[in-house]
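Note that chain A is present in both complexes that follow, paired respectively with chain B and with chain C.
Moving on to the complex of A and B:
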């Protein structure tokens, strides 16, 4: 019967062109939607790698501070001590502007044995960074003051970069080159991946570089971990304190939990809009498919009557029409999968292959379900066509 | 072989009730070639559809091969039609998107047979009607007479005991009509197939064993 249906469909390929095109376009759109959803879901289920609760950021304009490194070091050391003296503050750290959930990014490339690893997030952090963020160390250690005098610059890398560079081997004590492979950096620790761009984005490769005195003039953020007692009154006092210390420059205090929500919204809202548009498309396609199948059945009443006369039961007729729709869908899906499979093969957008493979399988299942649902009612109606009337009408 | 007892068929709409068949009693013996004649709208095709189990009578019973088929389920009726009955229609009812050979194979798709077996049986049926050189043609590439011969091949491919022909020569000129009639007569004579044929043509009807005339849904001869 399947061969018979293929023959029938092939011989009616011109009439079926609209149906085939609709399914193909729907598959590609659904594949895109599922690719996004799978990508976001896979990232969402991975651990965050740090704690953002009760972490505040204090942003300031550093233009009015002295440019003298020694004076700056003293200034920041005093500031840290003053802040830490406040009972509501548990930890204080200075870091580059690309701290988690900020809208700032810094990336570089690193080399190992001549092999280049691109798009490596480059974070500058001091000795207390891991305590503020509760970054989870997998091996080695975080920065210590004595790292300032090492022969090679000390760095901490994340798990993704470690796996890419060293596989299952140990990274601790290994030397890796900077983007020009001139200076060598020594890996002293490996931390769990830190999803700094929100819950739905991967951590990517990351290198944590120790903040040295030369970088102090570029610091514009103080990150603090506050206790549960830190309320609006404390925030107001903190603001005044910082304003006094920074000679009335603009001070902004941000809460990382709110920044996280904003960051996630940037991902979720466009995705919801995309899904709504896709849903409208799917509804239109479903109505279209339903219409095409309904029209086909009305056009083929004579054939249905004939099949009933020569031995098809009502169920046979219904199954045949549903099967025909599924065979047609299969033809479109073969073409659709040919295009879709190029994405994992060519590693498009640097997304893991598993995302595209899962999205493809989900899209195929979705299209089959859609076609089955659209064919079910017309198929049932066809099975109810009275053979004598159908043959007479023809 | 076929026994119709007190068959009535009423078509009902919201406002009108039409009596299409009125108390028909008919017995058709095995190997008989029967023709049914009558003016348009007298219920010939309705009666044929009832005999072919394509339509249900409003009243009365149908026995075929001593089986009361009125109580058969849809599934069982379909199987019975497939194995015991063959249909020939005035407008051929061929599927234009399938080759001649595939059209003839159709009834065999609804029974368990291999593709090879189906091909052999369909080719043999087409040979019987003299169309073995048109296997890969589409119905639209054939003349009316050839199309009706394809329809006959489709009707006989499953080796049915009964063939029901609804004006098989109605769309054909007299030459082609006679050719089709010859095929049916040979089938009846050589294979012993019981044939019930509805026709408007007195000449064709005269070639059959028995003629039944209908008028306003009732048997008058």
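Moving on to the complex of A and C:
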């Protein structure tokens, strides 16, 4: 049966060439769409790793603050105390500018036994960071004031980096080298991955570094966790309080839930546009395939009539036509998969290969379904051809 | 002759309604997406409110310091000091508009939070850029020298802060707990114009941080206006010459790059370029590959359908050939027919794009970016139509002209 179909297709190779290229190009488009969707979906299903609700950020310029470390320390600890004294504020933390959903990133490399781990997100956080964000500790502990003393700097790493470095072993108490492998840092805790760049992006490797007094001059934001009764009136009072504390500075209060929305929009809106365009292309192709198949069957009335006359049933005829279309699609898909498989093989774009494999399977299934749906009606029509009429026309 | 072709084309279109529908659907939707795409590009690239003098302007936006041995890179906006100290000495600069990048702050009115993006500018900023003042006027050099706390606000801020007040000039707006006296109101600027969009414009002398710190990197950018269009290349050259003399600020770095670019180049440099490359070829190349791939699928589809349609008309072609029509005439006829079909699709596509653009402007996904179909867009769409018609017509026509007379007639 299949051999016979191949012969039929080969006889009409010129006519089929366009059909084949059309399926090939649509496969590649669908593959691209599914790759994006699989990637986003895989990341979306992973836990967020922290709570953003009721977290506010207060940004300010630090240019006019004193450069003296001791007075800065007093200033910030006073600020923390007065903020915490407000009934609507539950927790206060100082952190580097790359807190979750901010548009800032800082990355570094770390070394373990000479092996280099690149693109490690580098967060600087103080002792209260985990309480504001409700970061989940998997093992070990978060920073404590006593970490200030000690030979090696204390750090907390995330699950992804821990798995990459230590596999299933324990990371607590291990030493990690910085990007030059000179200074050693001691791991005191492992936290669950924190998806800082939105719901659709992976957390990546991350190192949390303890905020020490030397970093105070670089702080530009306070993060606070507010209680449920913090409203706009409270916000404007807080704003006034901050402008009084930071004379000659610009203050901006942001809500993390809003920042999350805008961060997600950056991913979702282009994806929606891409999907609309792809959907339009698919409808276009589907109509085209349908038209061409329909026409081909009308052209082959004689052949079909003859088959019916020598005893083939209507179902036989329609299944032959559908199978023929599916074999044609297979030919294109083989070529398409050859191109698609290069992505995981050459590991383009630093995306796990499972994404490409799933996207490829989905795209293949989609194309088969599309071709099947387009061939169904013409095939049914063909099965209705009456042999006497068809042969009479000849 | 053309009239006959037209009649035949219409008759053929009417005969196979389903195929006509498929063709028109494909053409019109492809053109709609192309037209909306070009409208968007046109919005971003061509001179737009308030930056109408792009032909005479060069844009200084980025300063890049590099350590070529280690590969370190430091990139930011340029400093006020750099613009004031070096760029303003250039002979070919007629005027220079300086503005800081937009910074965000809040204001609270009636327990409502307003997010305000504010910019510091110089006095020439208002002369180089043609903001439309609905009331009041910009601040003068003297007001800047006196460091007066005055502000020009956008229509949007006026509405959010003052509500429906008819005039607001002379009133005070409080941002960062400082009261600025409003002296002018300007029309909103599209958010895509990063260097010009803002809600509150202030004299640079009242900036809170020390604006005139020595150094090359800072938070400012500039538009250099040449005396005439012909002077722009001279200005560009002069700027590059000047850059060679700018001393390196730091021993850590051994190369410094800053360019006065044409508007489009300044954009491509920001997207894909660096100090050495403009990024133009990358952006244009990627864009054309995308458009090509996007057009490929509908075109193959159309060719497919067109071939099917002509094979259906083989008897007609056979008869015409038998009566002595040359292949050339037939190819010509078929291409004309196809162009008619494409233009029909184009007209439908135009109507659809008007609808899409209307809908887009209604929901306004990017603040203050309104699209419109103008003549440039129409012209490009026309080219796209023509290209599409020819591309999908030529191959089927060539196939048709090869049709053997005897076979074509026998098929009936």
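Rule of thumb we're sticking to: the second predicted complex is superposed on the first by the 392 of 394 C-alpha atoms of A that agree within 3 Å, B and C clash if a C-alpha of one lies under 4 Å from a C-alpha of the other, contacts with A are read in each partner's own complex, and residues count from 1 in each chain.
The criterion applied here is as follows: a residue touches a chain if its C-beta (ideal position, glycine included) is under 8 Å from a C-beta of that chain, and two chains touch if they have at least 3 such contacts.
This structure is a prediction, so every number in the text was calculated from the model and none was measured.
Chemist: Looking at the overlay, does A:193 come into contact with chain B only (first), chain C only (second), both, or neither?
Modeler: A:193 contacts neither chain B nor chain C.
Chemist: Quick one: chain B or chain C, who's touching more of chain A?
Modeler: Of chain B and chain C, C contacts more residues of chain A.
Chemist: Applying the document's definition of touch, where does A:126 land relative to chain B and chain C: first, second, both, or neither?
Modeler: Once the two structures are laid over each other on A, A:126 reaches no partner at all.
Chemist: Quick check for you: in the superposed arrangement, does A:159 touch first (chain B), second (chain C), both or neither?
Modeler: In the superposed model, A:159 contacts neither chain B nor chain C.
Chemist: Which partner does A:91 contact after superposing on A: first (chain B), second (chain C), both, neither?
Modeler: Neither partner.
Chemist: Going by the contact rule set out at the top, does A:12 touch chain B (first), chain C (second), both, or neither?
Modeler: first
Chemist: Do chain B and chain C touch any of the same residues on chain A, and if so, which?
Modeler: none
Chemist: Can you check the complex and tell me which residues of chain A touch chain C?
Modeler: Within the complex, chain A contacts chain C at residues 15, 18-19, 21-22, 25-26, 29, 59, 61, 63-64, 231-233, 235-236, 239-240, 243-244, 248-253, 269, 277, 280-281, 283-285, 287-288, 290-292, 295-296, 299.
Chemist: Mind pulling up the chain B residues that touch chain A in the complex?
Modeler: 45-46, 49, 52, 54-55, 74-75, 77-79, 81-83, 87, 89, 91, 93, 95, 97-98, 102, 105-107, 109-111, 115, 154, 158
Chemist: Which residues of chain C touch chain A in their complex?
Modeler: Per the touch definition, chain C meets chain A at residues 18-19, 21-22, 25-26, 29-30, 33, 103-106, 108, 111-113, 115, 176-177, 208-210, 293-294, 296-298, 300-305, 307-308, 311-312, 365.
Chemist: Which of the residues in chain A end up touching chain B in this complex?
Modeler: On the chain A side, the touching residues are 1, 3-4, 7-8, 11-12, 302-303, 305-316, 386-388, 391-392, 394.
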